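Okay, got some structures for you below.
After this come two complexes, each holding chain A, first together with chain B and then together with chain C.
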Partner chain A sequence: MSQHLTPPIRRALLLTSLPVYILLYAPLALIAVFSFAPAPGGTAAGLHWYDALLHAPNVLAALRRSLTLALGSSILGTVLGTLMGFGLSRFRSRARSGFAAALPSLIIYTPIIMPSLVFGISELIFFNLMHNATGLFAAGLLTMGIAHVTFQAPYVALVVFARMAGLDPNLFEASHDLYANGRQSFLHLTVPVIRPAIIGGFLLAFTLSIDDFTISYFTAGPGSTTLPIYIYSAVARKGISPDINALATLMIATVIGIGLLQYGFTRQKDRLAVPRTGD
Partner chain B sequence: MQGRAERTERLARAWRLWMTAGPGLFWIVIFLLLPSLILLGIGFFSIGNYGNPHLPLSLEPFREVAGYSILGWSPDNIATILRSLLQAVSAAGLTILLAYPVVFFIVTQPPALRPLLLLFVILPSWTNQVVRTYAWMELLGPGSALSHLAQNAGLIPPHLGLMPGILAMQIGLTYNYLPYMVVPLYAAAEKLDWSLVEAGRDLYASGRRLFWSAVFPQTIPGLLSGIILVAIPAFGDYVVPTLLGGGKSMMIGSLIASQFLDTPNWPYGAALTIFMLIFTCAGLIVFRVMSKRLGSSEGSMI
Partner chain C sequence: MTEATLPIRNTQGPDGAAPRGAIRLEGISRVFGGGIVAVDQIDLDIRAGEFFTLLGPSGCGKTTLLRMIAGFETPDTGRILISGREMQNVPPHKRAVNTVFQSYALFPHLSVAENIGFGLRMRGVAKAERLARTEQIMALLQIDAFARRNPAQLSGGQRQRVALARALVNEPEVVLLDEPLSALDAKLRAELQVELMRMQKRLGMTFIFVTHDQHEALVMSDRIAVMERGRMLQVGPVLDVYEQPRSVFVAEFLGLSNIWKFTPRPGNVAETALGALAINTRIDTQRTAMIRPEKIWLYPEADAPRDRPNTFPGVVREAIYMGASTQYNVELPGGAIVLALDTNNQAAERSWGPGERVVLELKPGNIMLIDG
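Moving on to the complex of A and B:
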């Protein structure tokens, strides 16, 4: 395609794109630079603020909660999502059309397209009313987990559905002909065949949960501060501070590291380039 | 006999569908569809003493959305809604200006390099939105180098920063949603039919005319998807206006959130939400009609 544009135009494209790439990374790089600031009263740049993080019980507790929440919700989200993706791909009647046939897709897409603010506030009200009525569902990790499963399951379902669509339907006919019942054929044929999609869906669910701020913020209780909520409260309270710089740098490095690893390990045609706001 | 076997077969299929997809669908209905219907319903209740929803049903919350309160009418809400619209439109405009050169730069690179270059545009969006917005607080705050520059140039009063304010909010939104413009535009640009460009060049068309008549029309489907993906979330954004906007430049997202967090007023907050969703749906419908009319496929939609 390069031969379609003249060298001066290609040079101009390079010169205009380079600043955009710099714009994308400069703010993140700046946080990293500031995170090595010297300790108060000191002059030597170093790892002081990282050391401070390791001795901050609040930060470690928030990290632990984030990981617990992400792990618990992604397991349930992956189970529900996989079953949805599999069931809709295999058993949805192709003959019928109209509203009844489109209903499951509509339900699955709702959590994905609903603005996260509306999502979060709906959950806040719902859990509040439920708590007043029954005494259950006190705001905390449980309510956050329920909300996270609600947005994770549809993404897992889409990943699994896409994998199912790429399979030969005769595969299932063959297992049927060999007198495998539904459960056998699901456990011994479907699960092994779609395993990459299940693992991919689980990882996606996990990162969605770790990244989420808005929905978590509205479903959190007094004792369930996760890492993004911790950062948000610290920033809203005291603005910029070096220990938050260190924490943010670690989060940025982790996410970019995982992103590059994922890119390196996936096959060319399976690469899914999707931007996420992670809100 | 044939009909009976068919019916059993159909029933078995339906049973299996509900056993597999049922639990997940049920979960979403109970924990999202039902709660969001409750939220919308609350917009039609009277406002109680503690901001709680009260019977009888009334349109009082919507009167408050229009700007009427015990203190009389105020234009604040209309200003907030217009500001949110303006921010969403200009975020879309700015991301378009930044995305076109990047997209065509990537498309003109060797095929093996392209996914990596695209990944580098997307990677920052995988970091947490709070962290990304925090980075701009650092860059634009009162003590930052950029603010000093602006102070010395006389653009802002001394001791003030470029943040908080409308400009900071605009930068934050553009930064956050740029990848959402790049990805659909890239999808359209990669499929570009260059023979039209060649034909135009043979006819000695100028570069500008080539772009506008041979290249640009082919990227319109991607452009429309990009505008939807940028403008809609930017319109209702909550994190950016709260952290970068400050008290004087509220957006509808932060206004809604404060009705449920600071001093609760659920019916008013719910009415504002209904209002925001109406705007969102109207935007979606307009762009859907436009892209249908242009005969574009939705393949470039994520």
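Moving on to the complex of A and C:
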């Protein structure tokens, strides 16, 4: 496509896209640079603020909570999301047209496009009601976990659903034709062929959880401060300090790392794709 | 290996009468949502060990019929018997039937050998036997060199062989083939047609082949069924269906044909657009005459046969050279166009170009009468 563009247009596009990239990545780079700021009174740039993080019990506790929450909710969210994506793709292949055919996408996308503010408030109200009624569901890591699973599952479902939609529907018939019952077909065909999507979905769920502030904030209770909540309150209290920069830089590095992993799995998905017919 | 059967396999019908691999369809219908009748009251007997082809245009119901035999679709009425066993409540994975899909549907996460061994693995066949049988079938189909490859690394023809091997290795009673050659180029298709036939005769399994390609049907089948709009128009040995089509649709779908409506005249004469045609068979209620292009004799104007019935002078409008034969579209004085096919075995002295005058002879014995 780009080869059809005349040089002036190409230059214009470059000039307009450059600021976009700068706006996207410069703040991130800035935080990373500031995180290496010298210690108070010192002059040498270095890992001082990273070292300070390691000796801040509040930060470490928040990190531990964030990781526990992310891991636990991602596992559950991935299991539920996978089943959801699989089930909805089956439903879609049966529905022929109209509303029924659009329903699975609707079910998946509605929670995804829901503003997290609305999502968080509704979860808060729901947990309050449940707590008053049953005495369970006290605000804390558990309610946060449930809330995280609820918003992670549709994302995982979306990834799995997309993978299923890209598969030859005859594959499943072929497995039954070759004597696999429902359980065997799921274990020996479905799970292996959607495995890249499941892993990709898990990593996505993990990043979403680690990074979530809004929904976590509404569903958190005493003693369930996660990293994003800690950062928010620290910034609110004393403004941006270099240790927050260090923390943010670590989070950026983690997310980029997970992103690369996910990319690797998506590429594996391409290798698995078999052209349907012909040479 | 033809005789080998697995112990879990039901080899005989309950009454012991129906042979292994025979299929009976009784009053099978399938109506889809929106009232589309895909299959309409079909009765059919397919013999054990037969190469049977369902031929028809797309949407005629042939694939739906195949899918009902496989168990992917349930008939709304009627019953299906495979080897004498009623299939009413038998799910696909319990039917001794294997399908070769048009898309091949090879499992992308498994190697060629694992794809082929899948059916045996699902039935719990011991690993040693599984490997032995997989190797045997791969050798038979000459795909042993790719055993460890992924389906994505194979060419279309190789994938087709793997799909076939994956079905055959299970030694099913019936193999269902849903347009398995349609994605291949002409030369490869011709090769695989012969190979499929050879494999079927060698293994003695019943093959039910679905195609819209009349040539493919003619080449491979013992018997064919021509389908249109969910019904079977004609079932029979290839030769019978080709030589004696019972309807205009069958005549036109299978091969080339010249078809004329006629009015009966006394003395077994049919009055057609060409003029009066002498007919060998007794004219009854039929009102359509048909003759295959290859059964029309062509003569140079000079040595046209005198005093023989059904000779017509005409002018060649198009000469379509097809290598082994040439198709001549000949216009008669009345304006009717007649298709005549001539083999190119006599070269120069018996070939004509556009505008040249020829004489056609339609021997009475070669003219078929069709109802309607």
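Rule of thumb we're sticking to: the second predicted complex is superposed on the first by the 236 of 279 C-alpha atoms of A that agree within 3 Å, B and C clash if a C-alpha of one lies under 4 Å from a C-alpha of the other, contacts with A are read in each partner's own complex, and residues count from 1 in each chain.
Convention: contacts are C-beta pairs under 8 Å (C-beta built on N, C-alpha and C of every residue); 3 or more make two chains touch, one makes a residue touch a chain.
Keep in mind that this is a model prediction, so the values were computed, not measured.
J.: Identify the partner contact of A:L178: answer first if only chain B is touched, second if only chain C is, both if each is, neither if none is.
T.: second
J.: Taking the superposition on A as described, I'd like to know which of chain B and chain C A:T43 touches: first, second, both or neither.
T.: A:T43 sits against neither chain B nor chain C.
J.: Looking at the overlay, does A:D168 come into contact with chain B only (first), chain C only (second), both, or neither?
T.: second
J.: Considering only touches as defined above, state whether A:V20 meets chain B (first), chain C (second), both or neither.
T.: First partner only.
J.: One more residue to check, A:I252. First (chain B), second (chain C), both or neither?
T.: first
J.: Scan A:M114 for contacts with chain B and chain C and give back first, second, both or neither.
T.: In the superposed model, A:M114 contacts chain B only, not chain C.
J.: Is A:P192 contacted by the first partner chain B, the second partner chain C, both or neither?
T.: second
J.: Tell me which touches more residues of chain A here: chain C or chain B.
T.: Here the partner covering more residues of chain A is B.
J.: Would you tell me the residues on chain A in contact with chain B in one complex that are also in contact with chain C in the other?
T.: In the superposed arrangement, which is not itself an observed complex, chain A uses residues 271, 273-279 for both chain B and chain C.
J.: Write out the stretch or stretches of chain B touching chain A in their complex.
T.: 10, 13-14, 16-17, 19-25, 27-29, 31-36, 38-39, 42, 98, 101-102, 104-110, 115-116, 118-132, 134-139, 141, 175-180, 182-183, 192, 194, 197-198, 207, 232-233, 236-239, 242-243, 253, 256-257, 260, 266, 269, 273, 276-277, 280, 302
J.: For chain C, which residues are in contact with chain A within the complex?
T.: Those residues of chain C that touch chain A are 33, 70-72, 91-94, 97-99, 101-109, 118-119, 121-123, 150-152, 155-156, 166, 170, 182-185.
J.: In the complex formed with chain C, which residues of chain A make contact?
T.: 96, 168, 170-171, 173-181, 184, 188-189, 192-193, 195, 271-279
J.: Going by the contact rule at the top, pick out the chain A residues touching chain B in the complex.
T.: 1-2, 4-6, 9-10, 12-14, 16-17, 20-21, 23-28, 30-31, 34, 80-81, 83-84, 86-88, 90-93, 104, 107-108, 110-111, 114-119, 121-126, 129, 146-147, 149-150, 153-154, 157, 182, 207, 211, 213-214, 218, 228, 231-232, 235-236, 239-240, 244-245, 248, 251-252, 255-256, 259-260, 263, 268, 271, 273-279
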